[in-house]
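What follows is a group of structures, each given as structure tokens.
Below are two complexes that have subunit A in common, paired first with subunit B and then with subunit C.
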Partner chain A sequence: MTYLFIILYAITLIYFALSERVKKFVWLLSIQGVILFGIVFFSLNEIEIFDFIFILAETILVKTIIVPWFINKVRKRNNLKRIHEPSVPVFYSIIVVVISLLISFLVSNHLQSNYIHTKYFTVSFASILFGIYFIIIHKNIFSHVVGYLIIENGIFLLSLAVGSEMPMMVNMAILLDVLMGVLVLGVFINRIGNTFESTRIEQLSNLKD
Partner chain B sequence: MISLLLILFSSLFFVGIIIRLKAKIAARKMPPVLQPVYDVIRLFRKGAVYSNTTSIIFKVAPLIYFASALVAALFMPIGSLKPLLSFEGDFVFFAYLLALGKFMMILAAMDTGSGFEGMGANREAFYSMLVEPAFFILIGSVALFTDNISFHALFLNFNVDSNLAYIIGIASVYVLIFIAMVENSRMPVDDPKTHLELTMVHEVMILDNSGFDLGLIHISSWLKFSIYGALISNFIIQGSWAFYWQIAAFLGIQLAFSLTVGVLESFKARNKLEKNPQWIIILSAISIVVFLTALIITQKIILN
Partner chain C sequence: MKVPELNNYLTLKISIMFLIFIILSFILSLSIYLVRNDLYTKIISSLFLLFLILIIGYAYLHLEETNSWYFKFDNPGVLLALVLGILSLATFYHSFLYLKRHKFLVKQEAGYYSTLIMLITAMMSAYFAENIAVLWISIETTTLFVSILIFHERTKEALEAAWKYLFVSSVGVALAFIGILFLSITASSSGITDLSLSHLLNVTQLMNPIWLKMAFLLTLTGFSAKMGIFPLYTVAVDAHTVAPPPISAFISTTLMNVGFLGIFRVFTVVAQTEVLQWAQNVLIIAGVISIFMSAIQLLRIKHYKRMFAFSSLEHMGLVALGLGIGGIGYYAVFLHLVFHSFAKAGLFYQIGQVHQYFKSYWIKDAAGYFNINPTGGLMLILGLITILAIPPSGLFISEFLIFKAMFVQGQYYIAVFVLILLTVIIYSFSKNILHLLYGEADKDVEQKLVKANPYETISQFILFGLVIYLGINPPLFFTNLINNAIAILN
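Up next, the complex of A and B:
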């Protein structure tokens, strides 16, 4: 059952490359949250019940509802354009995401280690690579936040890969990190939107002291 | 033999159901289901008009197009019903038979010497080229999964028994529906109802065909829809079902497929021409995910 969700996660990465509408990014992030919930639900059942419930709540509440809801609010408040044109044609992005998926599956095939669950490693590696690529190709600060969240989902999967007995503290830290990051960036976007009436990052290079 | 008859039978109604559903959704008066057949019969009664600039290629192309679609139908099994012809690796032959027909139509469009038709042929060739890897990766993955390389054996051994096999089944049906739409030049890539030559893809290629030839082209397009519908139904029908259930399921799936096409065409806006390549390449990307899934199931990629 875990494999099913891992494959679905790979498909969401492909749709991230295809879509150009900002609203779709928010939807896809939410769907990724549900998929992470599924992965955790079907794989992490030997850990303590409190940790288990906490991680489940983290995926379903934070990743599926709160973060997408918050960035959707930011999107509405700043009257973002419906479509963000990436600087690289979408055609090439799709090829890049497919190649990164193939590479990460092949790499995990060769990683025969007892300490790493390679099934999570596959999509997590692809997700981190793609998140970085996503940030590079978009010229809009809102999309940078989305890229950051894609990387973060990849890191969450990576933490599953390196052992299901992840300390509670680490988990809390990552969660706090993400929430703060998104909140701070949200405030930042709002401020930029108020000052420049646009969220394109070229505006920022004009700043002088 | 039965599978061929079923495909021919369902092809008669396929486009009729689509246009009927589209008329219903647009709140127009519905044409009879057999309206496309009546149209083709009317076309068959007429003679064909040929331009002075055309050569023999233009005259034989519709015949070859029709023949290739008909021969491709001979290879298509339905569930455990055998096709008329079958050999190892016949899916490659099948794909290139359809490609041969398309190639002849492209040549014929070039043969007329019209700028518009050359442009349409150019687009059609480009889209077919993009959609080809999707088809081969998909059928190749299913071949890897079932360890067989002829259509009949491949679908006979395609058992949906695990979660991952469901992914292969669902993704394959999804990809094949859109491959059928691209190959038949239907809505998301091309609008069969458009009236402007500049935005046409398939329609502009057949502008110069008339009478008997045009009728043949229409019949081939029904046949192609029906063949792809049969291909989709093979992913759903299991060989272990009873004989009459398989036939009922086939007809049901053809009906559902034609209704899907009708609904898609009524509600989906046509892509911008520049967005078409990226939309088509996504089919190949999903096929690659299917391929990775097949690798995981067959333990070619070992994950722990």
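Up next, the complex of A and C:
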């Protein structure tokens, strides 16, 4: 069952490369949140109630509901509909996703470490690579935040792959930190939208030598 | 039966001192934001500074003791916290003057102080974090508060710089988190999963070199945005250029020290393994490129604050270089961090005063400062000598030690190359400062509107004086702190 969710997650990455509508990005992020919950839920052997509540809060509440809802609000306020500047054609983006998945597959096949769950590692590595690529090809700060969230989801999977048992307090603090970060980023997008009347990065080039 | 219980209670109470400080700071900061009264803000800010000094004093008295589960008052943390304490006092004083000069909304002023308090708390938490995950959380938190402070003046440039700083730092810090997870992978083979620094240091011999290399590279890249060195230095330069001067003074010193400490913590783990040589080479490359970029940019600089920002890039490059060279270089690194913090903060406070007269930070607009404000001009001369590491500046001693380490280790080519770059930097820097002091401005200055306040320069006099004094006659506690901080590396 875990494998099904992992494959679904990889498919969302391909959809990200395919989409041109900003609204779809928000939906895909929300879907990724549900998939992450599925991955965690089905990979747990035994569930303690506090762990379960935390995972539920982290994946469903934050990654599926709060963050997508908030950035959707930001999207509406800035009237973003379609990404007009595909500096790289969609076709190439799909090839890049497939290649990043392949590289991740080869790397994790090569690892053979007893301390890493390679099934999560593959898709997390691909997600981080694709997130960085996503930021590079888009010229709109809203899409940059979407790319950042894809990286964050990849890191979430990576921490599963590593299986590090951080104390609950530390986990909560990390979650809160990232959430606050996204909220502040959103507020700044709104500010930039108001001040520059656009969220394209060409506007942000006053500071130079 | 009652006595041991009471004892237990007392030890419990004492051991959560740092947690109490964090909670208190949060409450004070929130109350400032909610009450929004000028007098109240001043009283509460003074109260916070008192708490800050008390907690730093407490930390010094309890050196090497664990506190509040995830924190430890270790030597590098306490040393940098002392610097933070001194600069916090000066920053609050100059913030008060800065906000008085510019008429901001009451809400904005309250937001400024309350964010500054939270920033200081987050930095303190980063200095004392014993767990690498807690260190990461603290550093990420500083990003949020700094971006709010950069945006304080609400200009277009401020917005751009705040956005760039926030976004690039967030992505950078996310990369650093991947590095920390890699560290966790290699530590978990020895059964260590909690990322506590002392636990990690116990199992370094069993760590896999490839994971360690990747972990170091990623944390260095991620935290380079904070420390302001190559590769992600650009956002820090932009931030220091547009932030209010007291904030620029603060973030181009203490916050860079936070970034340094993030890299240093991972470096101490790496230093116990065979990867040390490789990591040092990486640091040397990062350091030399930073100094090179700084020298190139300073040649065509047009803005005073940007000039100071690029000078920070140079000094942090020297710090990375010192760490990369090792030996006596380790000692020089901490010495350099402390002296640079005092010297650079002093210069930024003074440039805030310069802005009063010329209403501009552009080099073409501001000149002939010595005639207008002799006390301020004198401070600039003193600052110039101090920051360029001209004797009797303490920075001369730290730079001398870094170069000595390079020659001892046989790194002649790097030493000569860096010396040439430093010559270029000294030329560009002094040319512009001398223009500010004695040159002729394009624009007429309305001098009558501004009354010089010589007392404003007291803080700078103390800071530059400290750099000279600590360089010539370092007190025993100061050298002990540095020696203990680097004991693990030797």
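The rule is short, and it goes like this: the second predicted complex is superposed on the first by the 194 of 209 C-alpha atoms of A that agree within 3 Å, B and C clash if a C-alpha of one lies under 4 Å from a C-alpha of the other, contacts with A are read in each partner's own complex, and residues count from 1 in each chain.
In the analysis below, a residue touches a chain if its C-beta (ideal position, glycine included) is under 8 Å from a C-beta of that chain, and two chains touch if they have at least 3 such contacts.
No experiment lies behind these values; they were computed from the predicted model shown.
Of the two partners subunit B and subunit C, more residues of subunit A are touched by C. When both complexes are overlaid on chain A, the residue A:Phe196 reaches subunit C alone and has no touch with subunit B. Of the two partner chains placed by the overlay, only subunit C lies in contact with A:Tyr115; subunit B stays clear of it. Of the two partner chains placed around the shared chain by superposition, subunit B is the only one that A:Leu4 touches, whereas subunit C remains out of contact. In the superposition on chain A, contact is made by A:Glu152 with subunit C only, not with subunit B.
In the superposition on chain A, A:Ser30 contacts neither subunit B nor subunit C. In the superposition on chain A, no contact is made by A:Ser43 with either subunit B or subunit C. Legend: residue contacts after superposition of the two complexes on their common chain; A:Phe188 is shown touching subunit C, with no touch to subunit B. Legend: residue contacts after superposition of the two complexes on their common chain; A:Met180 is shown touching subunit C, with no touch to subunit B. Contact residues of subunit B toward subunit A in the complex are 163-164, 166-167, 171, 275, 277-279, 281-282, 284-286, 288-289, 292-293, 295-296, 301-304. Per the touch definition, subunit A reaches subunit C in the complex via residues 113-116, 128, 132, 135, 141, 144-145, 148, 151-152, 155, 158-159, 162-167, 170, 173-174, 177-178, 180-181, 184-185, 188, 191-192, 195-196, 204-207, 209. Interface residues of subunit C facing subunit A in the complex, by the touch rule stated above, are 70, 131, 133-134, 136-137, 140-141, 143-144, 147-148, 151, 156-157, 159-164, 166-167, 170-171, 174, 177-178, 181, 184-185, 188-189, 193-195, 208, 238, 241-242, 297, 300-302, 306.
Residues 1, 3-4, 7-8, 10-11, 14-15, 17-18, 89-91, 94-95, 97-98, 101-102, 105-106, 108-109, 112, 117-119, 122 of subunit A touch subunit B in their complex.
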